[in-house]
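Following: one structure in structure tokens, then a few remarks.
In order of appearance the chains are A, B, C, D, E, F, G and H, and numbering begins at 1 in each one.
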Amino acid sequence: MVNGKKLEVPDGATITALLEELNINPLRVAVQLNLEIIKRERYDTTTLRTGDKLEIITFMAGGSE
Amino acid sequence: MVNGKKLEVPDGATITALLEELNINPLRVAVQLNLEIIKRERYDTTTLRTGDKLEIITFMAGGSE
Amino acid sequence: MVNGKKLEVPDGATITALLEELNINPLRVAVQLNLEIIKRERYDTTTLRTGDKLEIITFMAGGSE
Amino acid sequence: MVNGKKLEVPDGATITALLEELNINPLRVAVQLNLEIIKRERYDTTTLRTGDKLEIITFMAGGSE
Amino acid sequence: MEKSDTLRFAGREFRSRLIVGTGKYPDHRSMQRAHEASGAEIVTVAVRRVNLDRTQESLLDYIDAKKYTLLPNTAGCYTAEEAIKTAILAREVGLSDMVKLEVIGDQRTLFPDNEELLKATKVLVKEGFVVLPYTNDDPVMAKKLEDAGAAAVMPLGAPIGSGLGIRNPYNIKIILEAARVPVIVDAGVGTASDATIAMELGCDGVLMNTGIACAKDPVAMAEAMRHAVIAGRLAYLAGRIAKKLYATASSPLEGMIE
Amino acid sequence: MEKSDTLRFAGREFRSRLIVGTGKYPDHRSMQRAHEASGAEIVTVAVRRVNLDRTQESLLDYIDAKKYTLLPNTAGCYTAEEAIKTAILAREVGLSDMVKLEVIGDQRTLFPDNEELLKATKVLVKEGFVVLPYTNDDPVMAKKLEDAGAAAVMPLGAPIGSGLGIRNPYNIKIILEAARVPVIVDAGVGTASDATIAMELGCDGVLMNTGIACAKDPVAMAEAMRHAVIAGRLAYLAGRIAKKLYATASSPLEGMIE
Amino acid sequence: MEKSDTLRFAGREFRSRLIVGTGKYPDHRSMQRAHEASGAEIVTVAVRRVNLDRTQESLLDYIDAKKYTLLPNTAGCYTAEEAIKTAILAREVGLSDMVKLEVIGDQRTLFPDNEELLKATKVLVKEGFVVLPYTNDDPVMAKKLEDAGAAAVMPLGAPIGSGLGIRNPYNIKIILEAARVPVIVDAGVGTASDATIAMELGCDGVLMNTGIACAKDPVAMAEAMRHAVIAGRLAYLAGRIAKKLYATASSPLEGMIE
Amino acid sequence: MEKSDTLRFAGREFRSRLIVGTGKYPDHRSMQRAHEASGAEIVTVAVRRVNLDRTQESLLDYIDAKKYTLLPNTAGCYTAEEAIKTAILAREVGLSDMVKLEVIGDQRTLFPDNEELLKATKVLVKEGFVVLPYTNDDPVMAKKLEDAGAAAVMPLGAPIGSGLGIRNPYNIKIILEAARVPVIVDAGVGTASDATIAMELGCDGVLMNTGIACAKDPVAMAEAMRHAVIAGRLAYLAGRIAKKLYATASSPLEGMIE
């Protein structure tokens, strides 16, 4: 599950790999794995398993006012 | 001509007669004959001729505000 | 101590007696003895001792607005 | 009389001479002699006599607002 | 209090400071009931040719001449001449020598033409009329109308029928400072508070029509206006508190419970 | 009309929509006459220690308990705890189970401390009080107070004693849109039109003290306020005309004199 | 943008829409610096007798005639005749054929006498002047002045020197609807937002003196006014959002973090 | 002058006192040009999940991180917990440790929930965030937020997206009197004069989005707002003239032409 969407991710893939595949600049996002925030330096070493709940957050246009 | 409308009035009829015929209360109107104002006391004695221009004025609902 | 003021009260006097002496209408006040509210029906039976802290509350002119 | 003030002016003096004496720049004023406006080109030829009423007008700081 | 505090001009005296109109009502009956609810003693009426092929009844059947003072107006006139002629005809009807003098300068907004208004005022005052001119909120014109003999001046609070209230209380204040005749706000009142504000400024009266006649419930609004004018007048006489950014409590600080 | 149109909360019903105070009057007598002139049926009072060395007579000698409903307030309280204690003592006096709940957050401006106010409201509602909380014009807080069981919400129109009127009618409107309990403007009213405007917005009532008590003539101002509240309520019910930049004449254009 | 969007009348064109004055400054030097800071291209000056026993230097030493267009005014005139005479003398000085026409009707408030103003306008237009009449916010008079050949109309926003801003934006709007010549607000501006509001209404320019000259720091206020006029003009051209009681968030609801 | 007069909080310093948004623009390009025209140095952005099946480009391609300080906001959060979580994730993106803290209390009007806002402020300040809380114009809450460590307080001028301007300048004034941190008006600005007025009150800055993004011409309105904020600030510093009902002429009366 990535951002609430089912996504096919090769078991054991790293966050870095996933971001690359999704063509997302890692310097513009925050990542939360199963409700735990993953620091950027751990993207290379953190691997994903089936059932993981991943959130990839960034800045978008918006605000209340 | 009465109030801009052609009206059949027997030649020589008085204003009093006309008002009566038109069923208009003389105490609630002002009358102008050929641009001259006719005082109420002269309604009985003032007779109308063909071609006369008569205005019968009263109060009506209205005002700018 | 009554309403923050030292007051000579005969030891064992009742609240009723005190109010009478102070010429206060008991139907227009609330009484608090040592932080405990005393119901009106207990004024006759509640006696005061030296060192008691008594508050006699009523309505007065006022309000923020 | 210049601008409402009595002023000693040699009889027959020209407006040009007067302005010079008063050290007034002729290009910044308008001149009215006995209620008649004198064009600038006539300053040299217009001479003053006793009793003349002269107004010398210019721009000053001000305005209603 | 309203007893002794009356509106006076040209030797007349009125207990009510509200002047109402006759136009735009759903029907004569609701107008009549609104007049009653308003407590007004002066009613303004238009001056027109009798409608010959009329089925409708006369307006005057719905205004008790014993109870109300009629104030003919010159609505629809665009020149001094028209207005003068209309006023003279109105007086000939024999029910009133007063005239609410209107000389319109702009058909779109119904703003007055002050030049023509002043001309007409001068003529009609000479003719012995009690002239109440409808003008804008120009202090200089107000003074000229007074000097011309107007019995009162009637500056607009806002454009006729706009319901915008007193758009420029500052000008009304300035007019009041100098006026020696009554100042009656004419036009612009849309709701009760507008009338109250006019009276709180120190105005002597308020004239309104659209605000009442075109309200969803004219009779209720007429009653509202009656209270609104009284409220504003009383507040003016009572002397309001000063405005501050904030104040302090009225509550006695001594005696706080510990 | 005022007969049937009443102010209702907590099973009570009042013909008058005006609530008045007791502070700041020149003397008890003028207060009493102002109360009468105001037509109010609810009077708010402070809760304090009896003044032992008092020469002055009791406030209650000047408020007929048969005629007026007493509304004790918690003025001067700066915490929920103080306010709760004060309310409970007030009820013990045995004359009212209602409380005008005030928890002040700033001594300078007397703005409420909404956090503490909400806490106290929850407690006192549980204790069975009829709670009327004095709050600011925050729609979110108004809703929270209502959800906490307040019998009405009392947003300020302007700072207490400021006489600035309804500074932000937009917020009051927003509060009214969502409120299911009466909305009573508390504080800020300086003159009659302020009260009229509050009622025209659709408020259910107005509470004021300084505006009346500190007017040059409190009795006249009290009467003004009585009319002002009625005027505003009637205007609200009557349905005012729409505002426009300008409108057209009510005068029939046909029939103009030639 | 200001490049192409210019103020035009009588064949002249100005990049700045701000017209400034020369009176009431602490000294000529601060006036000169304020003029620079304001970015104005038109400066209004009074027409007076030369001071014979003068020590002070000439005003014109402090206004670069190459940089600024001089706009002589008829301040202090109370009749058409005086104003006409003053305008003619002003033109004789040979520096300007424009005149800010003022005919004062009330010494206390400095409101214009519109009757006399209109007379003077007609005469001076015939005489070939570029006439900019200072009038009040009466739409009917504005139209008459335009019809009389005024190059622009200059309604007051509020009384001269009052600093009250645009007291009646409704009238200014109505004037703008019908005007075919530039409308320049003259008088009343007290602070920057007043000028911004005037321009947002769609006015073509603003004339001010007291607001700048009597500010604690005239040069800073002059710069403020420069920005204020540009801001208001740009906002007018940009097309503001509609007003609503409230709106909804710009934030995309999709994508909320769970 | 703007050089030395800067907006300072939390050790940062900004030459511009205008903070702009990113929502509601026709497209990223016009947003970028509007940002430039506005002269703003701080831009607020929403925090959201990356859109996986996105065709659109990243917002950050249109905001030069070297030129603008990013201010992540917690728009769409209705509890302290959500807002805190969002703020922490925003900081993890690594581009800013500031947060425009929004905790909405009413979806309809987007008024803040001050209770939750205060809670979140306390937590995030402890976490080392630079917290800029969006609140209403309640002076008591403003003080509590300041005491909780907010780097600035951001009261609304009017409901978000309403374009109603500063509905209650009195409350803003009262907040300013007591504040020891910058006061930045957030929400309600509809046109240039609204921003000017906010600054003239003495506010330290203005945050706006809808007023610019939804204007017919966002870039022109952005430029208008740049001038408007400068104008208001300068006017505040310059010290405006006092308001009077009317004043007297600046024209020297001596020297009148006879």
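Assorted remarks:
The definition used in the following text is that a residue touches a chain if its C-beta (ideal position, glycine included) is under 8 Å from a C-beta of that chain, and two chains touch if they have at least 3 such contacts.
From a predicted model like this one, the values you see are computed outputs, not experimental measurements.
Counting steps between touching chains, the shortest path from subunit B to subunit E takes 1.
Should one ask which of F-G and D-G has more C-beta pairs in contact, the pair is D-G. Of all chains, the one whose CA centroid is most distant from that of subunit C is D.
The geometric centre of subunit E is 35 Å away from that of subunit G, both derived from CA atoms. The geometric centre of subunit A is 71 Å away from that of subunit C, both derived from CA atoms.
Inter-chain spacing, taken between the CA centroids of subunit B and subunit G, is 56 Å. Of all residues in subunit C, those that touch two or more other chains are 3-4, 55, 57, 60-65. Among all residues of subunit F, those that touch two or more other chains are 21, 23-24, 46-49, 51, 73, 75-76, 89, 104, 108-110, 159-162, 164, 170, 174, 209-210, 245-246, 249-252, 255, 257. The part of subunit E that touches subunit F in the complex is made up of residues 1, 21, 23-24, 46-49, 51, 73, 75-76, 82, 85-86, 89, 104, 108-110, 159-164, 190-193, 195-197, 200, 209-211, 213-218, 220-221, 223-228, 230-235, 237-253, 255-257. Here subunit H touches subunit A in the complex through residues 21-25, 28, 31, 44-52, 58-60, 70, 72-73, 75-76, 88-95, 100, 102, 104, 110, 134, 160-161, 186-187, 207-210, going by the rule given at the top. By the touch criterion stated above, subunit E contacts subunit G in their complex at residues 105-106, 108-109, 111-115, 118, 136, 138-141, 143-144, 158-159, 162, 164, 167-168, 170-171, 174, 178.
Interface of subunit F with subunit G (complex): residues 170, 173-174, 245-246.
Listed in rising order, the residues of subunit C touching subunit F in the complex are 2-5, 7, 22, 24-25, 27-32, 37, 39-40, 55-65.
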